[in-house]
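Heads up, the next two complexes both have subunit A, just with different partners, subunit B and then subunit C.
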Partner chain A sequence: MNRVKPFDHLVLILGTIFMVAPVVVAFMTSTHTAADIHMNGLTLTPGGHGVETYKTVLTRQGGFTGQVTGARMMMNSLILGIGFAVGKIVLSMLAAYALVYFRFRFATAMFWVIFTTLLLPLEVRIMPSYQVMSELHLLNTYTGLIVPLLASATGTFYFRQFFKSVPDELLEAARIDGAGPIKFFIDVLVPLSKTMMAAIFIIMFVYGWNQYLWPMLMTTEERFFTLMRGIKQILQVWIGSQIPDYNEAFALAVLALLPPVLVVVVFQRWFIKGLTESDK
Partner chain B sequence: MASIEILNVSKTYPGSAARSVTGIDLTIRDGEFIVLVGPSGCGKSTLLRMVAGLEDISEGEVRIGDRRVNDVDPADRDIAMVFQNYALYPHMTVRENMAYGLKNRRTPAAEIEARVAEAARMLELGPYLDRKPRALSGGQRQRVAMGRAVVRQPAAFLFDEPLSNLDAKLRVSMRGEIRRLQRRLGTISIYVTHDQLEAMTLADRLVVLNAGRIEQVGAPLEIYHQPASTFVASFIGSPAMNLIDAELSGSQLRIGGAALPLDAPAPAQGPVTLGIRAEHLHRAASGLSFSVDFIEELGAQRLVHGHVEGQPLTLALPPDAPVADSMVIAPAPGALHFFDTASGQRLGAAAPAPRAKGVFA
Partner chain C sequence: MTDLPAPPLPRLARLRARFLAAPEPAKRVQFDRPLLPWLFLLPQLAVIVVFFYWPSVQAITSSFYIEDPFGFGSTFVGMENYGDALGSAEYRRIAGFTAFFTVMVTALALGLGLLLAVKADKVIRGRSAYRTALISVYAIAPPVAGLMGMMLFDQHIGPFVKLAGWFGWDMKVGLNYWDTAFAMIVVSVWKQVPYNFIFFLSGLQGIPAAVREAAVIDCKNGLRRFAGITLPLLAPTGFFLLIINITYALFDTFAVIDVMVKDKPANNPITLVYKVYLDGFRGNDIGGSSAQSVILMLVVLVLTLVQFRYLERRVHYG
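Up next is the complex of A and B:
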């Protein structure tokens, strides 16, 4: 079982190279000047302009209003990513708790309604959602950006399955121990769901972080720009013979990569720890 | 002074047509250890869970102390329960597991501390207090589950097959531990098991259930020696009591072609079901001719399986008793039980406990 198999390693190494190569190319290219890149294309060798490019990208006041920096965009993306992840976890846990532990009529029907919305992508309901937000005067607010996307069929589904796997005796023991519904949720279910929460946090954070269409519709003010829009913005240069700032686009792309990677690395530890430690 | 009264309690599960538990009447005195025993699906857990408050009581009344508890929350019934799969909170340490119920009742921290320490000492859990349940063996988890019940100092302990996840040896020692603990605390205990040996060894009084009804209530030996029906006779005792078709005519007992004289007046006439414990049969000069099929050696005794007049029969003989392929056997005096062939109910007065002859009893 534990014997080192050279072939397996070869496959792993090749796979890793395949996945990592584009990132390396993006990073290396971002350290050259825009003119360089325009002439020589993508490179694998480091150039001498890395530090200044990243500094510019993070701090230069850009856009039409000159208000928005890379750091600002990064913060917006973070707000979106974390807001999505936390909000979705809270909402879907509560929904799943109600579905699994409370007997009310049509609970199963309700679940299936929620479940079928899994199949509908955001884009299908994007216009009605926009309409609602616009009438509530929530365009150009973080609330408007985050709240409409919080209801999560995926999250509800996962938490429901997880709660169903928690033995009934645990609930019964808690009832005898004098824990009411709220106490049981907070004292028993939430700690037991850590693993699940970590998994969903990863998924939802990346989902929120990568939103492009939704923020574009919901916000017109530049102070709400996310990284994804920033990258797009840089490449949209129409004036005269100016070369797009490829280097800056690549730098932003690399920066955009870091937080999700960080989230995965941090939560994966917790995730695996949870998997190996807890026995329900 | 606590007592539990179960008055004509029945249970019909929603959506099921028949009752799962029917007309149970039982009064449990202070300090009594009651064991509910019966085959799988006979409603033991259902009855226990109705006392615990985990199932609604469809009909009848349960009283704990002098309170009717039908509509009282499980937490307020002053009971503690030990589950088969322990149901420990996996993310809490042993200490937290035991303290959780007290904390929810707003017991002062110092008192919680003291009670947990006392329970840990009693159950020898001291070294494990700061471990999580996953780092404990099955027996230790079981003790934690008991500790969680003990710290509450309830009016009654309810056990639902608490030992059936343990291996045979541990089960025997835990059985002793539970009994000792209960003696010491003098708390009413209701204990559910399908293991008749566990039932016999633990109970002050045994309640034998069959298909949701009480078949017999009594002290273990009383039930062993005077089973009220063929069901109880075959369920309590190992090996199970021999039950064979026979006929009473006059003062004679006929089994097929063979006949035995009765040493007591016949309680009935005509066809009956005859019950004889394996250890109440022995070799004799005259009696029934028994042909041996096979022998099970148990060390302390040997079980000889065979048949009489075409009907299967088991004998428990001392290990050194000679066995022939075919031998003549006779029952010990006063060891015959008679049951109605149709209803399975015991016929006639209870037989006096028979003296076993030539057997360790």
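Up next is the complex of A and C:
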């Protein structure tokens, strides 16, 4: 059965090239000067101006207020990604623990209240969400950036599935030994969930880092801009310019894609496990 | 008369009975504390009520009102906003494009993902290298994908435009309606293939070796084996992905579209979600935008119901 099949490899190699080439082109082109790109088009070979382009993108004070640098946007993206992932894990672990391990009135109703949120993505209720945020005076704050994104049950769903697969005997044994709910949670369930937590952290970090629409609406002050918001900005500046800053746009794109790609590639095993096993 | 079987409950009563019945406990043993579970649920519930239910209810209420453009109160207009939306030729044209876009993106992303997964499942050497390469693309954000797509389809520097030129296709992305649509679909598919690939590959590797070997003995024809054995066993994965991909094409492609049309659709195609955003934030038509939101909510609701009622039955779960 295990013959080497050249045709299979050919399809795979072509597919992989189709998928990866744009990223390589983006990186290689970002190391050329804008004029060079304008004349010669996109390229697959490295140019000699990479260091200065990236330095400019990271440190130049840009925008209309001159307040925002690439490094600042990167930090904001990091705050959003990590804040979102940590918040998601804390909220959803607690909620899933209550739903799986406790007998209480209205448990079914609460289950539905939480899981209905899976039905409606943020995109269909952006306008009213924005109004709620402005009524609460949360525009242009990190709280306003992160907390509303937590209002969905994906993490709770993952943890609920996972907790249900934990053997019942553990709880029985813990109760015989006299452990209460809080001790059981901290000493038994949290250590057991470490892999699951890591997987969800990776998925949620990528999700938070990659957010576009919400940060775009929530942040009008440039010091709160994330990298994704910066990409919109750089494209808007283009209109009317003689030679657009292709190199800087590509450099920004590379900076925006590098952290999530690195996280996913390095922690591939956990990531795939978390992604595929929790959906069954 | 007494020992006749109980008549089947009407659908609504059955649903009600299921909802009111004591929940099937998730665990054989559970803690019995009245207050503690609420304490654990509180943070999640608070966030959901403030940032999910409140805005959702607001979307529904404001869809029945027309807001004064200068912010002085609003007037109740009943279904007028819905009538305006559904009645306008522009809305129907965008709905038509959204349907076309969704079908194209879903079909192509699923097809390519499946093809690559089947091939990656067959080869031994290099499988993890292919997987790593493809997964790295999964992590790229839609706006970044959109930006790179813009460059690849750029009038001056884009290689795809040159390539199309060789075949006599004068591609003008951003100016020509269908050329822009083409670029949007390519970028959206590109971004979604890795996700489908990961799930299909993990589904394929979940098929027991004994089943594969038995299939090889019974059937020499690889294509028939694939259609008769592999595909049905992959159906649950494929079905799950179908719904995910439709949702992706409807909603998550927002960033790709926004980067490509930059708030000024002019003669470019947009999807329904993008119109909700344009009317609400650029046009300040809060009532109309809310009515469109509610229409989209209904679409998602119907999709979910279809998922649970019809499609799931026809899928084989091994």
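Following the convention adopted for this analysis, the second predicted complex is superposed on the first by the 237 of 280 C-alpha atoms of A that agree within 3 Å, B and C clash if a C-alpha of one lies under 4 Å from a C-alpha of the other, contacts with A are read in each partner's own complex, and residues count from 1 in each chain.
Just so we're on the same page, contacts are C-beta pairs under 8 Å (C-beta built on N, C-alpha and C of every residue); 3 or more make two chains touch, one makes a residue touch a chain.
Note that the coordinates shown come from a computational prediction; the quantities given were computed from them, not determined experimentally.
After overlaying the two complexes on the shared chain, residue contacts for A:Leu120 are found with subunit C alone; subunit B is out of touch.
Once the two complexes are overlaid on the shared chain, A:Met28 sits clear of subunit B and of subunit C alike.
Touch criterion not met for A:Ile82: it reaches neither subunit B nor subunit C. In the superposed pair of complexes, A:Ala198 makes contact with neither subunit B nor subunit C. Residue contacts after overlaying the shared chain place A:Asp187 against subunit B, while subunit C stays out of touching range. Once the two complexes are laid over each other on the shared chain, residue contacts for A:Arg175 go to subunit B and to subunit C alike. More residues of subunit A lie in contact with C than with the other chain of the pair subunit B and subunit C. Of the two partner chains, subunit C is the only one that A:Lys5 touches; subunit B does not reach it. Subunit A residues in contact with subunit B (one complex) as well as with subunit C (other complex) are 172, 175, 279. Across the interface of their complex, subunit A is touched by residues 19, 22-23, 25-34, 36-38, 40-41, 43-45, 47-48, 50-52, 54-56, 58-59, 62, 112, 115-116, 119-120, 122-126, 130-144, 147-152, 156-159, 162, 190, 193-194, 198-199, 202, 213, 216, 240, 247, 251-252, 254-255, 258-259, 262, 273, 276-277, 280-281, 286, 289-290, 293, 296-297, 300-301, 304 of subunit C. Put simply, subunit A touches subunit C in their complex at residues 1-2, 4-5, 8-9, 11-12, 15-16, 18-20, 22-23, 25-26, 29, 37-38, 41-42, 90-92, 94-95, 97-104, 107-108, 110-114, 117, 119-121, 123-132, 136, 147-148, 150-153, 156, 160, 163-164, 168, 171-172, 175, 181-182, 206, 209-210, 212-213, 217, 228, 231-232, 235-236, 239, 246, 249-250, 253, 256-257, 260-261, 263-265, 268, 271-272, 275-276, 279. By the touch criterion stated above, subunit A contacts subunit B in their complex at residues 167, 169-170, 172-179, 183, 187-188, 191-192, 277-280.
Residue ranges of subunit B in contact with subunit A, taken from their complex: 52-54, 73-76, 79-81, 83-85, 87-91, 100-101, 104-105, 132-134, 148.
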